[in-house]
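In the two complexes below, chain A is the common chain; its partner is chain B in one and chain C in the other.
Presenting the complex of A and B:
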């Protein structure tokens, strides 16, 4: 099958899955104890606004009509108004999305590259001291409880040593200063991002290291490695040019498989560091009974998860020419 | 392995195989460390009943030291100090071990039984049933469980610990069901299933009497990793403030430290619960990897060659 058709088919699949999630959420919403109206309507709203919203959601209509309204509202981007912020949910989500994408993608890329690099080294020194230090280090950092790690990093590097800001994403004095250029602003964001990035990196790189190590050991047994040795190539060349690129393929697969795990971690990290992203918004809205915001954040995260899986599949097929869709 | 297991009803060869596996297992450094750590946590859980018996002020949830109204460091009465209300941190830590085992093991067992049942049905029935169940599995597999539980608790309010366990189990079965399905597909072709069919056994009987005994041991291999993820999800949920308010878990303890702003002031309170969560996860993880090595002869040979 040609790539375009494969992607098209997967997109249809994703659309169906997403529709199922949307429907399940709708049904749960109606099943939940209590009045659905009070869940969607802000207690502080005027009666007129509340009436308008009732109409928009079709809350007085039969269930199936409500469902049609619900789906229509979703596709027209009508998620209602956040109780807490008093702003349209879409606007809040749209503001937070780039922050999450920035933190999330940079942490995945960084940990995958470092994991692959260190895994390669560990496999090369198999059974030696370097190998055991790296393997044990990977196991420990991979299983450490993420929020706790984040709190400890904050305690040591932001509180005791005061190298980094404790929370947030920007400092007001830089961003409100008319003199400050784009570079100063970017540096400020990176300064705030260092600790959250470090937390996510520490949690993730271990898994990639372990996968790379065992995959590398498997690859080194292949016939073409023997051929390369027989040709008299340097060990370094065999390792870096012949074995490593093939051995790194399972790492790509595992990025896709561990995506759910990474997203949980991302939400926890954002919450502890009060990084203004989607994950933190979801946690925050759930604890403040802000249902419209919670629902929209959750659905957005679901879309991101489904699409990222597609990206990983396509990337895999691109990297491994043996894979035909 | 399963093949012999079915034909051989005598006890001794199985026991022998178990002992052989056990000896490989304990020789494995990962297995040794993991098991030792787990025994320690088991002792902690067992000891959790002692402090409340000594004095009501050592009750992890309701016991308050009448002389203390704020968080203080370790002393002879409170070996690890007290929390902001004057409750003993050590007895909370011990109670947390009990909760961690309870959550981890029960969620793991449930998700394995569920995954096993679904995998067997999908594999045995085939066609539409198979496609439907496996597509559902794919869908659930990519969902971040923690966030799903979060959105559910936003709909249904505060969840109690057993509901949390149940939800975790409902979202952790797909991995197991895939393996069991593959196993069932190959078992289905075996003569003894054919024989059972000819003898007039119903589908249910074949699935539960003939297929299940052959796949269940395999399913339980996946247990350790389920335990880890269940413990982490419960802890993270409690940490975010959505845990069961009537249960003292390690995640809950961290939530108290964090929310009361003691994280910079009370290292004696911040360090123990997080260390426990991390170590129990590590020990189950190590156990799982060691078990993989015992059961995967390819990995074992590699280890022996060293």
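Presenting the complex of A and C:
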């Protein structure tokens, strides 16, 4: 299929799926226990005031009218005001989103590269000592409970050794210092990011390692590997040029799938490290009945997951010519 | 001196139940520019033999004894880096294209060029490209399809590309393992015809491995019939086909249909091949042989010379 048509078709699919998510989310919030008004109103308000507020917010309308407003608001970019912060939801999300993207893009890139590289090494030494160490290590770090790992890292490296800050993303003394240049500021962010990045990396690279290892072992049995050997190529060339590109395909798929997971895991990581990202905001908004913020965060996650799957599809088509046409 | 001399070659696969003797005491020699065909049913050791010649046995396979001399050089026990320079440069292989012999993520032309780059690193990009173009022309794949990926090719085109790849470094010997098995008979015939032409044109020796006796009969000067890891009859094509002496060869010929000649029922060969982990002490075919006597069961048969260019491994053939 022509690439442009392929992407267009996937975009239509994504739009349909997104509409389903939008609707489910709407119903979910209406079904959830608790009254959104109860969070906003003052104990001193009269019942009439409460009714008026309900009217203002459109909560007295029938469900389907609310749904129409909801969809219209979404497409006009109207997400309302956060109950807790009293600021437009859009602004809060725009503030938090780059922080989450920074943390997750770097952790996924890092863990995918390291995982693929180590998985390749493990498969070369199949059954040997290096393989055992890498496989067992990957299983341990991948299955460990994330908040526990995060707390251990904080305790050892931030509290005992004091190499890294315990919480937050920036230090005020650096960012408020008019003398500090862009490099100093960036270094400060990386200093804060080290531990959360480490946590996410340790949790995720094992999965990529194990997938790459088993995929590589499967690929090495393929007939074209025998052809490559018969051609007199060196083992290194056979593995890197003939086996690895084929073996890496399942890894690309799993990157897309793990993106959805990493946002859940992200909520935990961001909460433990008080990283000012979307995940933490999501947990906060749900526990504080901040409906507008929660709704927008959920929708954003849905968009991210859908789009990242599109990116994976396009990437897959780029890597595997059989899919391209 | 013959191009290839194989002497008393035995190959075993380590399995959980013991050593599987895939090839047992095989000897033959091949002159430059000649073609030799090995025929036998699945599991008779013909593919193992082909892989052993390239030094490509799987990790559990081992040459137990015997020698393989190519251009006078002993290949058994040759260091891997020396063997790599012989692979493709001197001995190339044509695989069955229905297998994934071509890597799906690389362009076909690049895969052919890779063989040239590997063995002749001194060549420039242009020289390699020119040669690759020539090879595609030679095997009849259109020039504008060179940059395609393998999945865009038909079965016949893939097979042609695989042949082009085998010719890339102008080898002395090509081992063709079931090269036309998955193709329909028309394409099969075209490819065999072209293979014959190429062989004559370049004076390449070919070892043809097939389960299909008619293909080998079409292409090869000499024929070896393999059964349960051994060559049981060996000789010039005409002699083996016109006066087959080994009971297995006769049974094999009787089990194939023929268009000319008398119409007769095809005769399947009753019984099964012996277990090669603990092969029978006598002749390996004796269980299924209609004329087996007492000695056949107890003693290993020895070679019987029928003519200077024809011999058989049998007790009762003389």
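Here, the second predicted complex is superposed on the first by the 297 of 325 C-alpha atoms of A that agree within 3 Å, B and C clash if a C-alpha of one lies under 4 Å from a C-alpha of the other, contacts with A are read in each partner's own complex, and residues count from 1 in each chain.
The definition used in the following text is that a contact is a pair of C-beta atoms (placed from the backbone, for glycine too) under 8 Å apart; a residue touches a chain by one contact, two chains touch by 3 or more.
Just so it is clear, the model here is predicted, and its values are computed rather than measured.
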item: Touched partner set for A:321, first chain B, second chain C, both or neither; value: second
item: Partner chain(s) touched by A:151 [first = chain B, second = chain C, both, neither]; value: first
item: Chain B versus chain C as contact partner of A:227, first or second or both or neither; value: second
item: First (chain B), second (chain C), both or neither touched by A:89; value: neither
item: Partner with the higher number of touched chain A residues, chain C or chain B; value: B
item: Partner chain(s) touched by A:306 [first = chain B, second = chain C, both, neither]; value: first
item: Touched partner set for A:203, first chain B, second chain C, both or neither; value: neither
item: Set of chain A residues, in rising order, touched by both chain B and chain C; value: none
item: Touching residues (chain side chain B, partner chain A) in the complex; value: 138-139, 141-147, 150-157, 228, 232-233, 235-236, 239-242, 254, 257-258, 263-264, 267, 270, 273-275, 277-278, 281-282, 285-286, 302, 306
item: Chain A - residues contacting chain C, complex; value: 222-224, 226-234, 237, 241-242, 245-246, 319-322, 325
item: Residues on chain C engaged by chain A in the complex (per definition of touch); value: 54, 56, 84-89, 92-93, 95, 99-106, 114-115, 118-119, 149, 151-152, 165
item: Sites on chain A touched by chain B in the complex; value: 17, 20-21, 25, 28-29, 32-33, 39, 127, 139-140, 142-149, 151-152, 154-155, 159, 217, 259-261, 263-264, 267-268, 271-272, 279, 282-283, 285-287, 289, 291, 294-295, 298, 301-302, 305-306, 309
